[in-house]
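A, B, C and D label the chains in the order they appear, each numbered from 1.
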Amino acid sequence: MDRSRLEALSDGVFAVALTLLALNIAVRGPADKGHDLWHQLGALWPTFLAYLVSFFVIGIIWVNHHGLVRNIVAVDRTLLFLNLVLLLFVVLIPFATTTVAEYGLRDSWDGRVSVALYAAVFLGMSVGFGLVFEWTLHGKRTHSPLPPERRWAARIRFVGGALVYLVTIGVALLSAVAGFVLIAAVAVYYVVERSSSPSSPVSPSEKVTPAN
Amino acid sequence: MDRSRLEALSDGVFAVALTLLALNIAVRGPADKGHDLWHQLGALWPTFLAYLVSFFVIGIIWVNHHGLVRNIVAVDRTLLFLNLVLLLFVVLIPFATTTVAEYGLRDSWDGRVSVALYAAVFLGMSVGFGLVFEWTLHGKRTHSPLPPERRWAARIRFVGGALVYLVTIGVALLSAVAGFVLIAAVAVYYVVERSSSPSSPVSPSEKVTPAN
Amino acid sequence: MDRSRLEALSDGVFAVALTLLALNIAVRGPADKGHDLWHQLGALWPTFLAYLVSFFVIGIIWVNHHGLVRNIVAVDRTLLFLNLVLLLFVVLIPFATTTVAEYGLRDSWDGRVSVALYAAVFLGMSVGFGLVFEWTLHGKRTHSPLPPERRWAARIRFVGGALVYLVTIGVALLSAVAGFVLIAAVAVYYVVERSSSPSSPVSPSEKVTPAN
Amino acid sequence: MDRSRLEALSDGVFAVALTLLALNIAVRGPADKGHDLWHQLGALWPTFLAYLVSFFVIGIIWVNHHGLVRNIVAVDRTLLFLNLVLLLFVVLIPFATTTVAEYGLRDSWDGRVSVALYAAVFLGMSVGFGLVFEWTLHGKRTHSPLPPERRWAARIRFVGGALVYLVTIGVALLSAVAGFVLIAAVAVYYVVERSSSPSSPVSPSEKVTPAN
């Protein structure tokens, strides 16, 4: 009950971020004399691909946020600000997505920097989620608290998850395509894994309390 | 209760998508020396028409989503991701609407491709809705489940509905206007039919459980 | 309870429309070599003025929507679609606001057409609100229904309200400033009147049930 | 219960305003032949900095709004309009943020005017919050009303808070950097102070009732 506005603000930001992802999908239209619409749409494939990946990464973090917050007993100011750190990076995802799409996943230096930026924003989001998760581990803040002997395992899984994005920054600087494939693979993995086994253990960027 | 955040995210996405539809309605303003505002507004008729159709198609899918989700007992992760597939296509509607409007429903190859794209996004939305609907058919997931003997009839109606949009893609490639009229007619039909008989059976892109 | 998603979608659209109003407020920035920021801001006065009026007109309609919907017992499909007609025009307000601001309330033919367009969008919103209001008058749809003998008085007040915007279209075509002042005066009147007497009778574009 | 739509509209506006803050973060992309992406991102530092400060200022006001409104017994029309005054300025924050970022915190006259504009929008937001706060002081409007002997202290704290932004307008006109640092310092102070002592007394732009 007390957490309703935390959820309302977060859902609002998630919803607007999801919708803004598509705001930068645009063809040049009749003004592009040299190319018909069919080819303009074809040339947008990196844009559609980046849109798809970002949409599901935001979707996964929303699903996990949903599970994590549902378990919280009472909200305090610290949690509200930690949640804002998470949202700060969620809001940057449309910008990072547009930048990746603009450089077309090409293996130029700029293309590699754009994928590294993309991974860095997801790393920030992952850290933000981790801060909220860490908050839930202490005191009597959740309906079904994680027993102390399982906290370190959960934290290690979290650090491991953030590490995947950290490694991806490095990989992206060597190969734009490899970095992007790594990010997309992580997203596909969690959508598939989560959907098939709802009680699966926590994982990279989607730390979940056992209550989920 | 558990489905409140599913509804919150979906309503947020529907609301932002509805509002962004109008974001691309713009006159060139005083910068357009050759045309006064009256004629600029007149030249926007394909934009206003596409806005009107898209607004009510999103409205219809929202009304049906409302009816379908209200009947759900408990949300699981699979449902959350199936719902994201639906939203993925809802979010693309402003892009498809702008593209159709830009090519002005003219019967050039580009104009026909733009209407086919428009129909394809609605087909995707229809398939996404169908996935959520299929999920509600299994287990004890709804308050008033559809009896087994009526499931196939409902599915056939659904496939029929998606087929209308599939056929429209083909029609649009032959005639932009015919394709657009077909999409508009489907929207008008469901607004009128639904409003006059609230307990009417399910239909093309608006599969509804009997509970509605 | 049943009306919660009607309220959620409407509040979402109202909130996004309010926020998008300011999206078109922009200075040309350092690119505008000939004018410093102070003068650029000064030249934006028609933009700020139109923003202010539109913000409060949307605010008034939201306050009245709040009062009207709170009184509804159960939502049906007809109401959902009538509400969509209202939202259809709310969503057009940022477009009309930007157009009015672009022509700077100047008394050219274009300036007069822009104010007439502005009034026409408010007329559409007013009619949409009137349709929702008319729906609440019939059957046992509200917690405190309007007694039959007071319905015609309420309708006449409504028609009177829509007439103000209709007249304003005509006035605007004669004088842009007079049309705009009329719209602003209506907004100021309702904010002041409503706030000072919460149980005041219904009025132009803000038809309210007696329950408010 | 009655305040649910006030919260819904406000949360919607806060969420959209937070997300729109990032809408103007953009690199020029491959079109910018002279600069690689790495340097384009580096040149965006004033944009990222202004984004960060605005995000947390909106976040702080949201946290305080949350605390203030939660304490309200019943909503009346006056409160709804006072709340709209607050939102009127919240919606202008993305515009002010973009303008500050465009002038790059440089100590030109334009740069100083842009920071003064930024402070002026925050002053307006602060006054809007103060109006809502003042409303809560009268009658039996809150669950745990502030005792009369503490009201003047609270008001003085409020006037003091608004004064900080008023002074910042003056400081900014002398030095863009000093004005911006002052605004950022206020934001940092309240995030830190609030998080460490949830029952801390009210303060500048974040007037809170004792119930928080």
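In this text, contacts are C-beta pairs under 8 Å (C-beta built on N, C-alpha and C of every residue); 3 or more make two chains touch, one makes a residue touch a chain.
All values derive from a computational prediction rather than experimental measurement.
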Same or different contact residues where subunit B meets its copy subunit A, judged by the half mark: different
Rotation in the CA alignment of subunit C with subunit D, degrees, nearest 5: 90
Whole-Å separation of chain centres (CA-atom averages), subunit A against subunit D: 27
Rounded Å distance, subunit B centre to subunit D centre (Cα mean): 38
Touching two or more other chains - residues of subunit C: 8, 11-12, 15-16, 20, 23
Residues of subunit A defined as touching subunit D within the complex: 2, 4-5, 8-9, 11-13, 15-17, 20, 23, 76-78, 80-81, 84, 87-88, 91-92, 94-95, 98-99, 102-103, 109-110, 113-114, 117
Subunit A to subunit B touching residues, read off their complex: 7-8, 11-12, 14-16, 18-23, 25-27, 29-30, 36-38, 41, 52, 55-56, 59, 62-63, 66, 70, 191, 194-195, 198
